[in-house]
Amino acid sequence: MFTLTVRDHIMIAHSLPDPFFGPAQNLHGATFTVETTWARPVLDEHGVVLDIGVASQLLSGVLDGLRYRNLDDHPDFTGRLSTTEVLAQYIAERLAAGAAGIAGLDRLTVTLRENPDAWASYTLELPVLTERGGPTSR
Amino acid sequence: MFTLTVRDHIMIAHSLPDPFFGPAQNLHGATFTVETTWARPVLDEHGVVLDIGVASQLLSGVLDGLRYRNLDDHPDFTGRLSTTEVLAQYIAERLAAGAAGIAGLDRLTVTLRENPDAWASYTLELPVLTERGGPTSR
Amino acid sequence: MFTLTVRDHIMIAHSLPDPFFGPAQNLHGATFTVETTWARPVLDEHGVVLDIGVASQLLSGVLDGLRYRNLDDHPDFTGRLSTTEVLAQYIAERLAAGAAGIAGLDRLTVTLRENPDAWASYTLELPVLTERGGPTSR
Amino acid sequence: MFTLTVRDHIMIAHSLPDPFFGPAQNLHGATFTVETTWARPVLDEHGVVLDIGVASQLLSGVLDGLRYRNLDDHPDFTGRLSTTEVLAQYIAERLAAGAAGIAGLDRLTVTLRENPDAWASYTLELPVLTERGGPTSR
Amino acid sequence: MFTLTVRDHIMIAHSLPDPFFGPAQNLHGATFTVETTWARPVLDEHGVVLDIGVASQLLSGVLDGLRYRNLDDHPDFTGRLSTTEVLAQYIAERLAAGAAGIAGLDRLTVTLRENPDAWASYTLELPVLTERGGPTSR
Amino acid sequence: MFTLTVRDHIMIAHSLPDPFFGPAQNLHGATFTVETTWARPVLDEHGVVLDIGVASQLLSGVLDGLRYRNLDDHPDFTGRLSTTEVLAQYIAERLAAGAAGIAGLDRLTVTLRENPDAWASYTLELPVLTERGGPTSR
């Protein structure tokens, strides 16, 4: 199995309004470094998992909707807790949708580092596409 | 699959008294940064794998028994080589015991970094608990 | 010259309401890792610049007033831009006040890392205290 | 499952002569930090996955053939694109060959970090050896 | 004194054709992460050393002339050894020229990290500009 | 001013037998990553501060006397507290002695990182040598 990872970051505000979260119920914020790891069992015809430029643009395209935002006011998080885990899943699902036409990818992991001592990740199995592009069952 | 990782560190002395270990047979020491990664397939009702505070306290509780210790004198390592791998397993098993009542956790990985160029890990499958708390077979 | 550095972090929300700051005019947030470097020309009687525990508590004491806060609502930043540089100075000045009774310290640098690609610092000369504790001119 | 990772680095020149790679078609270069992670389900009689010294020598032995080289002139890459993914596989296969006589190893992952924002890996299942050294089917 | 640092990276090929450099006489390459630290004694009217966006663009503008290049063919290094130290000075001098119209800056340090175990820097005193922009002696 | 830094590490045991140090009075240990930064105002005839190989060998030569040792039994620390600051000075002074014949060096800083959240350094001014090698006053 091969993987390729590209990294970017976002700086957001949010609150976690549930007594479970203690002081993080307050409006605060975070720098999230976001690592996206794409996996595939066989390299493509250029000898890569995915072009680094394409992987970076996919990521940037998803993160642009979050940069310098207060997630408490973001329509995609209305009524949802924007925990690190939920954000990892949100980013992964949008990335997977953006990569839907790329054949051969197998799995995607998104890791969000919120401070030097804590991080979270979400892993998504990707539908396998044949070279002609149609999903197949596995 | 979701994961949450929290990190802490310990500073210990020990020796590895087997000719296999060359100069590490001497009494020496290490700073181990300890990363503990908890995995679960579905988030809990607060949208997390585990509360970061709970994960940090579980880790701290296990590490408190090791901090500023000479492992050669530690009863849990009498007659055992305290290699990085053995320590990772030791910490993982105690963490798993401490988390025994938490439903939904699936797997735990403990990684110990001993210097910038070497680290080791141990991964443990956790017994699956239903929400009512009893282990089930998988 | 000797230095000792201890590190902690905070997670805050804020905005920078000046067109100069482009998208950072929005309410957003940051994880700041905070490194505090204390310098002194001669070690104290215990062979240290400062006890690491004392240095950590001094830092924690200052950061506790900022943790999980929206700086836009913080009285100390009313009418002030809470840029990374301004925050570094704010933290340094409070740390210096907290350490006012400790003889022998010479200089303090506070570095705030806001993301993997950007950080800022502020350096403060500390008044020299003789062992009896009174400031002297240099 | 246990893992042991050791790290080293190489500094090489190469080009990726395919329009797909844009500016990386030019002769340029990279520092690759190389992390090699060996996995085994049960520790050996010394309580380790592999001796760190042995793991480091295996890695160094493979990297010595690449250090300070222009991969465009390296016979092993004639007619092949030396992408990060291809290099990870190349290193992993040579490491696996070098470790062919070591019983109990299960899996090897080689990760090459090419800059702070991009890295790639290759994972290889290793043939299982019994203690007498012959491969067995699984 | 305040500082602001922004970071970027380049991936280049070069050789160091002097027997002094041993194996680095060969054509090889490097990923250089480039940290540029701007210092000023007093913050500007926006409470910053320099806008992060401006600092990043200044850096990117200089690095664009080096990205994905073989420095052995670069006209600015004809007949010069492109050591890490020389590159740090080269980048610093071009940055200083690019920032020539910005008042209040005092000093610039450029640090190039070439691998996890080695880095070099160059520090340049900047001509002091009054707010009206003319250099003054100090 | 130019600097060159090279990094290595040691793994040692020690105790700090003074009530001031709390739990660190116990025999414990540390991994110290050791960064040595050499400064000089003008590059040498090869365009470097110091050859990286020479800088690494100087460092390794000093660290070899400390690797895998219990500093409580080391003759150079008899009756002395081996704090991080004292160790930084010890290493710096030996490095300076080892580099005594190298002209043009100006200043040496040794930084010891003992865990992710704490590090210390010592800076030594070096006697200036003319190219003929004799120290001069400044």
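In this document, chain identifiers A, B, C, D, E and F correspond to the written order of the chains, with residue numbering beginning at 1 in each.
In this section, a contact is a pair of C-beta atoms (placed from the backbone, for glycine too) under 8 Å apart; a residue touches a chain by one contact, two chains touch by 3 or more.
Chains and their UniProt names: A, B, C, D, E, F = 6-carboxy-5,6,7,8-tetrahydropterin synthase.
Treat the numbers as computed from the prediction; the structure is a model and nothing was measured.
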Relative to chain D, chain with the most remote C-alpha centre: C
Maximum centroid distance from chain F, chain identifier (CA atoms): A
Chain A onto chain D, rotation angle from CA fit, given as a multiple of 5 degrees: 120
Centre distance in Å when chain B and chain C are each reduced to the mean of their C-alpha atoms: 33
Centre-to-centre distance between chain D and chain C (centres being mean Cα positions), rounded to whole Å: 43
Junction residues of chain C - those touching two or more other chains: 7, 116-117
Interfacial residue positions of chain B with respect to chain D in the complex: 18, 20-22, 80-81, 83-86, 88-89, 116-123
Chain E-facing residues of chain D, complex: 7, 9, 11-14, 23-24, 26-33, 67-70, 114-117
In the complex with chain B, residue positions of chain D that touch it: 1-8, 43, 46-49, 51-53, 56
